[in-house]
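Below you'll find the structure, written out as structure tokens, and then a few comments.
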């Protein structure tokens, strides 16, 4: 027992670099092991897709607000790509915008990729309105007018020269608003736009903020939620089952590393607590 | 007299405009909505001005460091140089896909920022190890709930051990919703009080001035 | 306090109002196509009622506070320790660190946090203890500087105020966290406050502070960061407690009374929940045709605003 | 292994940032200062191209005396704010600040009431107590949990007796919620690391699928 306590005391004082190395190894190993996992779609993800399917049946375009930068790209990129395939494969039209400066370059990149895959035409099939500041107030204002806040699109074309924007004057003219965001913007959408103006709203967030949105899911202010890399992996599975994606993407590829890393951290929490209780016994 | 007005005018502006933004929520009439839309349009350049302030702020901090030759001032030259280069590249060659601007973003900014944030994975693990102790009943509850939800996130566990993903889904859907909702209602009420208090001038911390 | 008997104040309000009305009429004549001609949005009737009830409570308690009647508010743990926390830094002869969060200035949490900062800095100034305020927002920074300067003035120590104690660091969250952590180590701060809206960097801040052995008071409305605050700070304010604390730190009874308004509003909410629960139980036991269901439907419609 | 020089630069920068885990060093400091400068420049260009030029300058130049004349107001407000940096006109900035705060705080009142309070009440009250046993239990937890947790935020009286019990139950509910957040935060951070390693092993070294 004494031996255990000394070990516990040592463990508590463990250099944190040891923890770092353990985490690194846990994340790295699965890349070299041929074990493949799939994530079974949970209720929220299925809800998300059902709401999206409903929107895809309407004539109105979809509005996608993309707010993530390079910092969280690993988590958000697979989600956005799955969503883009979902929208463009059904031949639906979409309008894009962002409230985050760092998001503009990645969006141009993804849209150029989609353009070559699905043979899209800018201005007719999709439009990128570019970056807008004052997010909360622009979200609120879009309920009445697009043209007051976007005089020109990202390429400097006035909005009235874009065929897709001809029939879109306000948020009433879009079938659904989707926000793929790494920050609290879905909350602002709900507070400043969804609740006052009343329209269907879907969100994809990082796992960090995901639990915060459950109250809105329950009230219906939010119709569906993709929760971080995990939600993206579930969505990939769902789209593969429906034949929209040819194979799972990066989110599913990360499931193995995710599992081992979570096990490692759980192990550390367990060791930390055991050491703590043993030490406390000694202090008495 | 003039001084009095100068002192009070900001409070008056705040009260009038603040109450206007409040009242417009209930009045869809164009006489109210047209100026409301106008004011929201002003927010775009105004908030953009904040970005400008941020950039000027960063530049000033680094210029001052170089000027005073403070600790690590040499690095400040890198910052200022990088800033100037990026602005030059953006205006000279454009920003669309395939330009130098877009390449620099993809291969210089992206890897650094993404890696910086990935460091948090290590810090989270270290914090979990060092600080997550069942010191009290409520800490123990936190720990148990975290463990269950975490286990359910591991496909190998949730697909093989029965009930764990159901319990996790239950936690997320009900007690988690209750907790987040209570906080949401509380924060909303608190925010309303603070906003009301500030608008009508009960709370004057922010607009205080010397000699008063 | 708002002193309504000041003629000149009225004059100023009137001038502003007139100017604003002028621009209103002008704007309405310029761009009014496609907008409504209704004077009241009936779907927001419940909303208006709720807001009127809230402001009614608000002004009632403000009125009571003005009369000087004592209003009891239960102490908030973290605020009770405010004096001790400042005293600790003073005893050890090291500065305090106050991070007002990464939210924008116009976020009510930041406003509340700056109120608390005002008190902390004043107490510190009285005890000759510096308050370091690293800033993230370019808009918050000048205001925070002004708030601390005013706090020093109130303590009668305006000469001791050093603007460099309230620096602007950067608007990149990771760099901000690294720089602030560096500041804690260099200055060996004995007390750290982290109050406001925080993002992922909060972990780096609080963990470094905890490792240096500082006494830490945290508070945030960012729920996802709260678990880390709870495990690494000595005292934590959760969500609304920050707003309550910001009202409590001011000795003014009027400011305190605002907390009461929000409290009694919560009592009304709880009563509604109770009615809803009873009605739901009745429905579950007696079946859907009976009064329970009707009550729930009416209550739901009422709170959604479509009961008219 | 990649032959694209850009990929090599990105990989070197990635390793430079990772070196911070060992300790703060010059390599990391270079990366840090580089990204601060680059992204400030990036922000400036984006802001100019997407907001400042098309939404302010162009309308003012084209239509500054007509229907867009009102856009002179924000110019004036920014000017007032800039007065802060001149000693003599320092106080003028309070006017700009008042303007700034009033719009934001004014609009935040009704929207908080709507989305944060009323909609949440509607959601709680309409949670039905019929259906499967799990749903009934869940909705009971939801209604009672929300009430107890709200009682924790009740400041008017001391928490004694029944109130103490209820608010303790409230903290437990809050803790369950925080536990869920905690595990999701960990998950999120791990994904970021996975993304970086995927870049190093797959895009750069080409040794992992």
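In this document, chain identifiers A, B, C and D correspond to the written order of the chains, with residue numbering beginning at 1 in each.
As a working rule, a residue touches a chain if its C-beta (ideal position, glycine included) is under 8 Å from a C-beta of that chain, and two chains touch if they have at least 3 such contacts.
Worth saying up front: this structure is predicted, and the values here are computed from it rather than measured.
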item: Leading chain pair when contacts are tallied as C-beta pairs; value: B-D
item: Geometric centre distance via CA averages, chain D-chain A, whole Å; value: 14
item: Centroid spacing, where centroids are CA-atom means, of chain B and chain D in whole angstrom; value: 4
item: Averaged-CA centre spacing for the pair chain C and chain B, given as whole angstrom; value: 15
item: Residue numbers of chain D (touch at least two other chains); value: 21, 32, 35-36, 39, 42-43, 46-47, 49, 51, 55, 70, 97, 100-101, 103-105, 107-117, 119-124, 127, 139, 142-144, 146, 150, 152-153, 174, 177-182, 184-187, 189-190, 192-193, 195-196
item: Numbers and ranges of chain A residues touching at least 2 other chains; value: 20, 23-24, 27, 71-74, 101-102, 104-105, 132-133, 137, 140, 144, 149, 196, 208, 211-212, 215, 218, 230, 258, 261-262, 265
item: Touching two or more other chains - residue numbers and ranges from chain C; value: 23, 27, 30-31, 35, 47, 54, 108, 111, 139, 143, 170, 200, 223-224, 227-228, 230, 238-240, 244, 259, 266, 269
item: Pairwise touch network: line, ring, star, complete, or other; value: complete
item: Contact set on chain C toward chain A in their complex; value: 34-35, 199-200, 222-224
item: Complex contacts: residues of chain A adjacent to chain B; value: 14, 16, 19-20, 22-24, 27, 37-40, 42-43, 69-74, 101-102, 104-105, 108-109, 112, 132-134, 137-138, 140-141, 144-145, 148-149, 155, 196, 211-212, 214-215, 217-218, 230, 255, 258-259, 261-266, 268-269, 271-273, 276
item: Parts of chain A lying in touch with chain D, wherever the complex brings them together; value: 17, 20, 23-24, 27-28, 31-32, 71-75, 77, 101-102, 104-105, 130-133, 136-137, 140, 149-152, 154, 156, 190-192, 194-196, 206-208, 210-212, 215, 218-221, 227-230, 250, 253-254, 257-258, 261-262, 265
item: Chain A-facing residues of chain B, complex; value: 25, 33, 37, 40-41, 43-44, 46-48, 51, 95-98, 101-102, 105-106, 109-111, 113-114, 116-118, 121-122, 124-126, 128-130, 132-135, 143, 147, 150-151, 153-159, 165, 169, 172-173, 176-177, 180-181, 184
item: Chain C partner contacts - residues on chain B that touch it in the complex; value: 1, 4-5, 8-9, 11-13, 15-17, 20, 25-35, 37-38, 50, 53-54, 56-58, 61, 113, 116-117, 119-120, 123-124, 126-127, 130-133, 139, 142, 146, 179-180, 183, 185-187, 189-198, 200-203, 205-206, 208, 210
